[in-house]
Amino acid sequence: MSGHANGRVETLRATAASRQALGRLAMDTRGQGLVEFTAELARWVAESGIQDGLLTVFCRHTSASLTIQENADPDVRTDLMAALDRLAPRTALYVHDLEGPDDMPAHIRTMLTGVSLAIPVVGGQLALGTWQGVYLVEHRDRPHRREVVLHIIGE
Amino acid sequence: MSGHANGRVETLRATAASRQALGRLAMDTRGQGLVEFTAELARWVAESGIQDGLLTVFCRHTSASLTIQENADPDVRTDLMAALDRLAPRTALYVHDLEGPDDMPAHIRTMLTGVSLAIPVVGGQLALGTWQGVYLVEHRDRPHRREVVLHIIGE
Amino acid sequence: MSGHANGRVETLRATAASRQALGRLAMDTRGQGLVEFTAELARWVAESGIQDGLLTVFCRHTSASLTIQENADPDVRTDLMAALDRLAPRTALYVHDLEGPDDMPAHIRTMLTGVSLAIPVVGGQLALGTWQGVYLVEHRDRPHRREVVLHIIGE
């Protein structure tokens, strides 16, 4: 094992939890790449009036996914897409190839990165770290309209 | 960046949230492969009587995991298993090899695909996209009995 | 498809859900490796007094992540780190390389393993399987102070 947890969990809040909201966000992608939507999430959390709770983000696709990544240097996003291309190359042989050479790699990349995320909300703010941004990852070559569904619960 | 979010989140519902349920589903696997259980989830959501909220699925194993994938063409599932075999090959050298050549690859594949998923519930329905199905992924060669625990909260 | 779901979901509990808590845990890592914090989570769940509900764990970093893995044989953790090193090698060519050869691989490994996890709570206990432990994965070479934010909701 490498490192250790420091003692115990500090409780930040203990409150009632009586409210929730569901939302929907559409995004137009321009082919493979990452689309940030952190600001849209933060704005909706503020509009919901929920101060403390949990936000869940769900992507309704099998060839687009979600990730939380560094939002400072755009080169990071270039390298992330290149890494996914190495992990699920379009040049591999696939049984399922009727929908084009980018389709099956898109399914594999979606499986590796995932379609649901949960972020705590503390004092009306998403509890993201300094460098964390929330991204939809488009894995297909052509532009698509993508949809995420949001759920927030708390008080 | 590739693409952009379209304006703002549309609120679908804002309601009370006062109820929850916990459930358990057992599955018998027949060796490596994907087992769909979307219908079982949908039925339990309906039985819970919760119209709006959040469903969480949790897999209680370190050599079986969860994924949401295309439920149309079975060839996709064949290619997904082949991709996991390339990413965590059983022919690699592992320190931990006492439980057989399929054991350590199973742990790695579980780490890459994950053991928890959250899906919003809107109007009594899982907010899955048209082609999305929920699957348990068995990573061991031999049949196993696997167990997932479910949580639903909302109103 | 390989295997089948056995009939239907068994409901374990159906209760009110009126309370939540938010918490914070800091961890000092000693360079690349897995840091277990299952016991800290279990203790906080007990302190919260919530018997039935859902615990969410969120990691506030882009070069450290979360995984649920076997907590018995430490060799498993050695092999997991070696697998991540093969999947996102530090010897690959990256555009983003100003922060050292371990930085971009750390972002890729974080993307593949994820930063949020949800675990149901049943009868005051985390619904983990027998061999499951909860780990922070440090992907950088040097020691770091890492922070996870926790949310629990239920009754």
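Observations
Read from first to last, the chains carry the letters A, B and C; within each, the first residue is number 1.
As a working rule, a contact is a pair of C-beta atoms (placed from the backbone, for glycine too) under 8 Å apart; a residue touches a chain by one contact, two chains touch by 3 or more.
None of the values given here were measured: they were computed from a predicted structure.
The copies chain A and chain C differ by a rotation of 120 degrees on their C-alpha atoms, rounded to the nearest 5.
For the touching copies chain A and chain B, the fraction of interface residue numbers used by both falls below half; the interface is of the different-residue type.
Chain A and chain B have Cα centroids lying 16 Å from one another. Residues of chain C in contact with at least two other chains: 17-18, 87, 112, 114, 118, 153. Those residues of chain B that touch chain C in the complex are listed here as 17-37, 39-41, 43-44, 47-48, 56, 58, 60-62, 74, 77, 87-88, 92, 94-96, 98, 104, 107-108, 110-112, 114-116, 118, 136, 138, 143, 147, 149-151, 153. The touching residues of chain B, when paired with chain A in their complex, are 1-6, 8-18, 52-54, 67-70, 73, 75-76, 78-80, 83, 86-87, 112-114, 117-120, 122, 127-129, 131-132, 153-155.
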